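Two complexes are shown next, each including chain A; its partner changes from chain B in the first to chain C in the second.
Right, the complex of A and B next:
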């Protein structure tokens, strides 16, 4: 499923509702869907505010795929500046806060099972959020 | 512009200033929530309860507003609690550290009872 929303705060709710509907139809647990909704909204608002500088002409693309084990969401902005990130995603939950804001990254890292940020000066930055359908059943291949 | 989805009501119950937050708590809520807090503070209220209702959407910008108020509550010698949050948002509030500064209760009645006990002790 792919959605494109304008960089206007509030539109992230449209993407949230669509992804939540998809997740529900594919049988994800209600509490897992709540995690997905919160993390997705944080990724979208970051893309709108920081990636696209709230320029309504710039779009945010949300791509959601789902299979037997995962729900994967990509949130991509059209920003040309590299994102300023406090350390690696794995460290976000323990980063000290420098202002009242800034907890969105922490929430994404705490709620999703995997978070990846891929900056691209030409096409914008993509945040990839992966949610395991059954977190305890996922086999991690370390070979 | 999308519709503003928050309604704020202020009422008094058993010596507690109850601020009902009905709807979404996002960056758009800043003025309404801060105004409500300033109103009850100007009245000299010491015990304040944010009573959440029908909150489908609370994001980090909304949480930042509440963290700003927590800071003022501490400076003003007030006591703050929250009630009515869904289990998911109770978890979120604990994740971001808000639970360190504001007691979280399931219901308004539980919060009012706790404030009453606190008022008796103090």
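Right, the complex of A and C next:
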């Protein structure tokens, strides 16, 4: 499925609820769905605020596909400034935090099983979040 | 959002494969939006039912349940109303005569599938319902629900 929202803060929750509805109907575990919702909201708010500079004329596109093994979400903006994702395992800064900047990217990297940034010359930047449906018996594809 | 310049309308577009079950995604997405717009619970229930019927019709009839064909749901947010349009790719055209049908409960007892109530339900539940052709040539239904704010 594909959902397109305007770049207005608040609309990310519509994308979150749409993807949560899909994940629930495909039988994903409730705590996994909470991870998906959090990571997706971070990806959407980044796309709205940083990628599209909160310009309501620009769109954020969320594409969600599901197969036997994975739930894959792509969040695409119309910006030209792809984020730099931290590597797994995420190293969290020591408290007290000096800044919350970059925390969304850290959450995405920590919660999704795989996360990649795909710059797209035509449409902008896409962040791809992959969640394994059966984390214990999935063989990681390193290709 | 600046209503002096007419930019008072926001659009959300949802594209779904024509597979039964995906109407639930449209229902949940529209309900999430309507809740945040401030619609009361019973209007949201009505909206869920109407969208469920519209998307099911698009999947089963318009697109003949061919999963490769898309159903496009457009949710248009205005300050005082929500406009929902549901379009299919028109493998089967909707007979205009069927858009004003008045089903009878006595006939329903004779039918095995209990179908035939979708369009009637949409008209009962929504403030405006209009059947047109989709830009791509498929069937399209446009439904409007007005947001009545409590008077102060």
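Convention: the second predicted complex is superposed on the first by the 120 of 143 C-alpha atoms of A that agree within 3 Å, B and C clash if a C-alpha of one lies under 4 Å from a C-alpha of the other, contacts with A are read in each partner's own complex, and residues count from 1 in each chain.
Simple rule for what comes next: a residue touches a chain if its C-beta (ideal position, glycine included) is under 8 Å from a C-beta of that chain, and two chains touch if they have at least 3 such contacts.
Keep in mind that what you see is a predicted model, and the values were worked out from it rather than measured.
Asks: Following superposition onto chain A, is the placement of chain B relative to chain C best described as a clash or a fit?
Replies: fit
Asks: Regarding the shared-chain residue A:29, is it in contact with chain B (first), chain C (second), both, or neither?
Replies: Neither: A:29 stays clear of chain B and chain C.
Asks: Pick one for A:11: touches chain B only (first), chain C only (second), both, or neither.
Replies: It touches chain B and chain C both.
Asks: So, does A:3 touch the first partner chain B, the second partner chain C, both, or neither?
Replies: Touch status of A:3: second partner only.
Asks: Looking at A:42 after the superposition, I want to know if it touches chain B, chain C, both of them or none. Which is it: first, second, both, neither?
Replies: After superposing on A, A:42 lies in contact with chain B but is clear of chain C.
Asks: When the two structures are overlaid on chain A, which partner does A:103 contact: first (chain B), second (chain C), both, or neither?
Replies: So A:103 only meets chain B here.
Asks: Once both structures sit on chain A, report the angle chain B, chain A, chain C from C-alpha centres, rounded to the nearest 10 degrees.
Replies: So the angle at the centre of chain A is 100 degrees.
Asks: Once the structures are superposed on A, label A:118 by its partner contacts, choosing first (chain B), second (chain C), both or neither.
Replies: So A:118 meets neither chain B nor chain C here.
Asks: Just to confirm the geometry: in the superposition, how small does the C-alpha gap between chain B and chain C get, in angstrom?
Replies: Minimum C-alpha separation, chain B to chain C: 6 Å.
Asks: Shared contact residues on chain A, chain B side and chain C side combined as an intersection?
Replies: On chain A, the overlap between the chain B and chain C contacts is residues 8, 10-11, 13.
Asks: Write out the stretch or stretches of chain C touching chain A in their complex.
Replies: Touch list, chain C to chain A: 1, 7, 10-17, 21-22, 24-25, 28-29, 32-33, 36.
Asks: Which chain A residues qualify as touching chain C in the complex?
Replies: 1-6, 8, 10-11, 13-14, 17-18, 20-22, 25, 56
Asks: In the complex, go through chain B and note every residue touching chain A.
Replies: 1-2, 26-28, 57, 59-61, 63-65, 67-68, 86-88, 92, 95-96
Asks: Using the touch rule from the top, collect the residues of chain A that touch chain B in their complex.
Replies: 8-11, 13, 16, 31, 34-35, 38, 41-42, 45, 99-104, 106-107, 110
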